[in-house]
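Both complexes shown next keep chain A, but they swap its partner, so chain B is in the first and chain C is in the second.
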Partner chain A sequence: MSTDLLLDPVRLGRLEQIDLPPRIVRLRELHLRAVPEVCMERPRLLTRLARERSLLDRTRISVLEQARLYREVLESREPVVAHAAAWLEGTGEVSLRGEPLPLLAGSTTSRFKGVPLYPEFLALTLWPELEELPRRRSNPYRIRPAEVDELNHDIFPSWIRAHVAEVARARAGASLEDGLLGHVDLYLLSKLSCISHTIPDFGRVLRRGLLDLAEEARQRCRRARGADRRDLYSALEEALLGTVAWGHRLSAEARAMAEREPDAARRAGLRALAEAHQRAPAEPARTFREGLTAIWTCWNAVLLENANYGLSLGRLDQLLADLYRADLEAGRIDQEGALELVCDFWLKVGDHVPGVPGTGEAFFGATGSNQAVTLGGVDAEGRCAVNELSHLLLRATELMRLRDPNVNARYHPGVNPPAWLRRICRANLRTGATPAIHNDRAVVRAMTARGETLAQARDYGIVGCVEPTSAGRAYGHSAAILVNLVSVLDLALFRGTRRDGGQLLGVDTGDPGGFAGFGAFREALSAQIDWLAARTTALNDLLGAVHQDIHPTPILSSIFEGPMEQGLDLSRGGATINGSGVAVVGLADVVDSLSALQIHVYERRTVGFDALREALLRDFAGDAVLRAMLARSPRFGSDDPVARENATWLLGELDRAFGSRINYRGGRYRVGYWTMTTHVGWGSLAGALPSGRRAGAPFASGITPVSGAVPCLATSLGAMAGLPAEAITSGMAHNVKFTPSSRARSEADLAATVEAYFDDDDGRRNGGMEVQFTLLRPEAVADALAHPERHGDLLVRVSGYTAYLRDLSPAMRREILERTAFALASEGGEGFTLSLGEVQA
Partner chain B sequence: MREVGSPLVAAIKRHSLEDGPGIRTVVFLKGCAFRCSFCQNPETRDPRAEIGFSPASCIGCGRCVQACPRDAASTTAPERIDRDRCDRCARCAGACPSGSLHVIGRTHEPEALVAALLRDRPFWRHSGGGVTFSGGECLLYPRYLERVLRLLVAEGVHVTIQTGGGFDYDRCAARVWPYVRLVQFDVKLADPRAHRKHCGTDNGRILANLRRILAEPGLEVQPRVPLVPGVTDAPGNLEAIVELLVDAGADRITLLPYNPLCVRAGDRVGLPRPLHPERFLTWEEEGAARERVRRALGARRIRTAAPEGPAKGDLHPRLTVLGSTDRSRQGA
Partner chain C sequence: MTLVDWLDRADRGLGAVLAGRQIPAARGAAAQACLGLLLRGLEAGACASESFHRRHVRGARARFLFRTEDRALASHLVLDGAELRAGVGDDGRPDDAEWDVVVVFRDASSISRLLLSGSPDVVLALVRRQLRVRGNLALLYKLGFMLFDLGGRLGLRPGGAP
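And now, the complex of A and B:
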């Protein structure tokens, strides 16, 4: 093991010296400047083909029909090797002729940076604002007038009754119908937009190649009993052959371009490109380049089928390590060449942005697709899995500073070398925002508590924002339901109705003013949580059934552990591990409100419930004294036993209410704590809270304590390290903001701080599960806000994902600026010491 | 000053990166005989509890005015409390809904203090850190320290003491030194008259204690000179301190960068602001002091390495950079 080339410290040190090649610098600049364009290719092809096959208006589409449809799209799409033009901000159409060639052909859309449309999901929500898209203030998309016409008159009308939301509405029945779309202040259901949020099994793609997998599907089809199974196996074969065809068409196009290319160097480059795409993903990958090419080609196919919300790439440093090592040993590649390939891949992965309507900007503003990549940690046997490729992918990440992919680092205390954690911290100091750091010990404990074997849990990758998912085998849809926990607290405070009264929404749990004690209030909240869990999981299951019927997923199923073995599509529970995830928003605000109610209403009785309720409805107008008093209640993230107990109770309640339910695929629900920008969006809608929070203010992000509530970092990290990991089974986003200094010690201080946070204190606590840093100098942010044009690539940490500051709404920017900032060192420093030890002879 | 019962703890600062090796938990004890004009923690001078006021969180409700039996509180006075009238009964702090008025100084039984400190054990373990006792002058309380330190050291905790030098040497040597790994000894002024002018007392005892402690076997002592423009960098002072340290056998000297927080540090407890600069000095501005120390050492035939400048390579460098050391971290 000591002779492993990928563990050579000298080679790791050399990686630090590598910089971006000029070709990548140029491509990166174009990537950052390009304004996304709506891509018509997918909706156009899909609508025409679905219409020809009479699939629109059908209440059930078989997996085989779906696979044939996608295969035809893959055989009809235009294979783009190098984009001829990109829309660049302010300059109109700019030719890329003569621009550097990419090392990977193909793209998610027909555009250099495209907005793919999925009319079977939520693309129709863009319908009312199509003409406004190029002009809207935040995150505009380009679209041509003729394209608007085509969508208005031809494409969108075809899908009015054929998209998931409408099919679900027609099936819902009276009890669920208004819950499907009408309660966006309480929860969001993401099966309306997709199920992606998972990691395909790229291991089998690289090991076996798609043709071998297609052959297995053919064999199994021959032996299978029952028409459904035979259909499934035929569908897998169709999907695999469709993906192979896409790769071969890219290869043919590259070869054709090579024939026409006068420049010898470019001609050679195109031939190499053609060669890689000819092999991968049809055959097993033999080289690092073929490995990346195979993953990229499959990625194109998967995104044809699944809208990209947190579809994730998994543990690339593990998947590709053997290929990289073999290349190095054979002298086929060096570190510079590998890094350049990875940078190309990073740019490719970010070649599309999700189509978000104006109304969605408040909740998911400035997000990319959240395609997570996971580095480091341990292997299935628990051995250290950090290798040179982990370092190389990290180096590419810090040099590129892109929002996509969303890079996450795993660290296993005691198994991974401390140098790996220091390296991760250095990347954070350099980028100011990435990667997020996950504690293997706590994550594996949480996952095994939900039933994964130790080996499955250890092989986790991050999905979307922060959700740990056993890579290639767990179909978890970790973002299935987003819950506004503050609105659930409101139901308990206001007897099951909204604040403005109106009809009963949740359960009438009675007037909290009449409760005998705080225990009764907790019971009321518990009942509202149960109501919400029952309702949202019923709706999720309804939507899941719609997906099973009109949107089976043969492409994703064809490269996943389970569907081939079990003869079942992923949508029907074919994965080895199934589940659905609930993201809870507003935890800290609700825990703080509970503690305030406990102390001031039910224990010390410093304020009556009626008076408190009136103050909340007035947004504390004229109640400054009450508000100040409430705000000094025990705070989530402190050592106070009241706060700790309320947090532990609430985490347990949410885990019990959701975790006891089985979804439509036979998997259990899991609960996580990450918020994207919903904590700002939902916060803007919410009234004043017993915690003293004013109406409209953002909630705390992720699982982070409320800003300003716990000004001491050690206190905050200590409290967060004591949370029960077993109740947090779908990840957490813990934001910590630092004002960095340039002292040489920063990196070591940061690493020691993370190490201490992850420490289980000899079994006295779980140890922190996750932390993500925002390292911003206030002056840099001020300059970026004043001169956005100079700082197009300034990355900031939102919650779970990173975004470019320029893309964020003013409210979201404010939230990030107002987060508690801890000092990494005071401006003074610890002094300058001269040794008196060296006396001259 | 006689040690009676338990001293008051003014504050416990967790996750400090600048008070000894590694990540430290710092305990500030109240009480100090000196009155340095550049004091960073003037709320720790008085050994008694006092009332602190933080204007940022005051909502102007006037409950303090109603609560005060001596008419010492006023919402129109910017400092809120008339300190001449105040007898520190703390009723105002009890009535204050926002915590803007609060009591500074609480007693902690040694066992409870140690239990609270040990929460930070993971931070010490991974950084080579520990607990630092500061003040005020924490060495005014050797009996209390002995009780606390015995418990900490039994848990294997690295203990640092920060002192201004005004303590009873023999009592500390007997009760405190056995538990301490590092003493950070601040030496401000060599000249007794200058010391009386800027720090309020004679410095004879400080210098005597410094000489004795530097001769103490097995005790790591770090003499530190806080840079204060016009005070500690006055002509001859740095040179005299170097002389003194070299003669006494010190193995190092640390220049602490000037910290302008001293100017407003006393606002909270109603102390007047000293006339010191209100900004940090740049690395270059502090260069003259560094050079004077190097020259003084050179005159004693002591060669020192050229100081390293501010660290490079971060994408978010500070605007002003002060002293830094590359002192390697100690193991736990």
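And now, the complex of A and C:
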């Protein structure tokens, strides 16, 4: 693509002037007001068909059986072109007759905003609260009494012995029961709910169309040796033809609606829909609209198969740029038309929310599906990949201000124009929270350290929250394991037991009071990390084997680089790149605790270990002086060499312990630092720490320093930029909260801040890998808390993803409010901490 | 004030009294009574209400054992496809493997804390290690739904039918 047309400053300036068309304004309003409704279509169809095929009592389901099942679902689902009704907050059910028609047909559920249920995974956790769902305080879902009865009587009982957790438990017995349920304060394993967390290869969908891919599968099947391979190729063909059928059924429905439509404009709109869906994704996409239609239709199919936690859309500005350009040159589209299509697509992508039980809200509260979109950066050859479509997608993002998709921007210092960074910063100022910004140089370094080729690494997209993934070819399940690092520190402090005593859990590494020095304490912690890595990766591998046996993924495999070429389903290692991810929670709190132990217990000996341990168990009651002294220890995110050295050591240890292990698909484990809302959930359960943190307080989010620990932003960013990128192989979420002053001034300051943070000092440091902002004025937050009904779209950064402030739990709101806030335009970037009380006052 | 509120208050009061007087036996007896009351409540619901029976019992098969870690307290509940039966003790089946689900409470206090919390949350209790579970969790979710329904029918929760 030539940059002369697509990075024309005049055209980019014109883009800035485009506002939302009225039909999108209306659709957005409906979207924001819509209450999620439980969708029965998927569980109903899947249960009936699985029962008819006697799949529910099987311990192994072949990939071909699975593909045939899904194809029948795709051929049976109701093809929704435009929803007939929605349930709106404060209004109830309203008819959508006469409302604007979408530009893309299809829906991931049968509801306007649906909660899809996956009984083969964790839908059964909703069982106890089915009747309470519409009334629960946090993120209620609408469900009809007859649907409660159907789930209770028919659907859920069918899956009691057929869901992933139970199949795994029946296989592994007591060890898994202890492993899964006995240690939820230490780790969570997400294969119980999904694998997800990847990016399909939409490039091949757009270039070739699904019919061509199906033909390739057919040909390969003829040549294949071995029943398993033949099954796989037949399964890919079934999956591809099922997706084509879904597109054609949407097309037919749109055409039928057009026949009945009296209004000429709406009739024309429906015919255009029918035409686009007839062509895409069956054939190669010829236009920008067909490109979006193809991706969206495939997305419907992929979500039928895979629960959506972090399934991501990839580099849309790269995938669609040629189609956009061709349309522009042929006069088929203009910027306004393209922007409207993208806004429509954004709304479509957010047409569902994950079904989370009440308890899960504490750990994953207010999350959408975290469907990441990635913009900008460099191409596989290292050239600037920013184009007009990157800007257009960003413009759509800031105009729409939606939780989903989770938009991420890449910036390669020295390759991408500084104007691109300023544009990203402007979008942040306008939305208050998005997009997150990733440093290409540091990310590519981290990915190549784990084995990706330079071209594969440069073609990364973000998955879920912040995890870089080679787009369309890496099956990384970056959220496979979530680890509470603070609990691991506890094991080192308390000889391998929890602090409330009980049986040995980790390794008895001895009484830290008897250690000769800090080095011995580090060794103890290292041993506990090794224990945790061995345990969690073994459990993840066990669950992975269950996925292989009862949940192969022919649909995702059919549009991915690797399965077709290797004749292997994704669940069995068919992807070009395999891996599993570990998200570490509580890093800053543990580094701070290590530094406090080093200084005060082992070097200066200002407090004995036994006295410290007693103070921790008392939550520092009566130990204010000791607590204050500990809190003055070197802090993570400062330029103190003790803190820096402890951080570097700990990151290295975690990378060594997990990164040396090979998973059940033959890929390595990778470690990332993002927390969703687990830092609040786990923090609420944790006792006092040597850092001076009190019991129950939230941990720091992501890889962010503890709030208030490092008051100078420049110092903090400098320290964060020095972290070893090669040890952070599954992304990081670094939250920075600003209170903006004037927009123009703030934009320049923000861009300069990011530029300085990303700078690698001529190779002497890595440069910051990622940063994400929350840009809130205290008065805006106070008003949002007082009048949530007026601020339904107020976005905040949680850790990795954005959320609507009103949806967050009180504890999570408090954590965000109490993060260190930096005055963006103030001299020296001195920070201050905003307390909840001050905001509310 | 709902019955749940009342039970909450009663529990706090009872807990304070028992803790203050250090009468573990009495606390255990209270917990056993609470658990028994709950399971018997389900049994009564299934006997007395055709709709409750139809909704939760007919066709359902599951065996639940509830006990403390030291096995000093135990109660059970059995769904045999046609009837719901509850009782004290382990029903002559001391081996955990004979049960579909075994809920092991850390101690008697954990039982009353969970059962009288107003909105019992098994997962949170797991996180806090007040209990552990052996067996098929989905059956426990079903049991949770039954209890929720019973609470509604008895008017013990907001929105529930009195």
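Side notes on the structure shown:
In this text, the second predicted complex is superposed on the first by the 815 of 841 C-alpha atoms of A that agree within 3 Å, B and C clash if a C-alpha of one lies under 4 Å from a C-alpha of the other, contacts with A are read in each partner's own complex, and residues count from 1 in each chain.
FYI, contacts are C-beta pairs under 8 Å (C-beta built on N, C-alpha and C of every residue); 3 or more make two chains touch, one makes a residue touch a chain.
Quick caveat: nothing in here was measured; it's all calculated off a predicted structure.
Contacts of A:V507 after superposition on the shared chain: neither chain B nor chain C is touched. Of the two partner chains placed by superposition, only chain B is touched by A:D749; chain C is not. Touch criterion not met for A:L20: it reaches neither chain B nor chain C.
By the document's definition of touching, neither partner reaches A:A326: not chain B, not chain C. By the touch criterion defined above, A:H153 reaches chain C but does not reach chain B.
Between chain B and chain C, B contacts the larger number of chain A residues. Of the two partner chains, chain B is the only one that A:A624 touches; chain C does not reach it. Of the two partner chains placed around the shared chain by superposition, neither chain B nor chain C is touched by A:L817. In the superposition on chain A, contact is made by A:R161 with chain C only, not with chain B. Once the two complexes are laid over each other on the shared chain, residue contacts for A:A224 go to neither chain B nor chain C. Across the two superposed structures, the residue set of chain A contacted by chain B and also by chain C is empty. Contacts from chain A toward chain B in the complex involve residues 429-432, 624-626, 628-629, 631-632, 639, 712-715, 718, 721, 740-746, 748-749, 751-753, 755-757, 759, 761, 775-777, 779-780, 822, 824-840.
Within the complex formed with chain C, the chain A residues making contact are 124-125, 127-132, 135, 149, 152-153, 156-157, 159-161, 163, 165-166, 169, 174, 177-178, 181-182, 184-185, 357-360, 362, 498, 500, 685. On chain B, the positions that touch chain A within their shared complex are 14-15, 17-19, 22-23, 25, 57, 59, 61, 63, 97-99, 119-123, 125-127, 129, 222, 224, 245-246, 250-259, 280, 286, 290, 293-294, 297, 301-305, 307, 310-327, 329.
Partner chain A is touched in their complex by these residues of chain C: 55-56, 59-60, 121-124, 126-129, 132-139, 141-145, 147-149, 152, 158-159.
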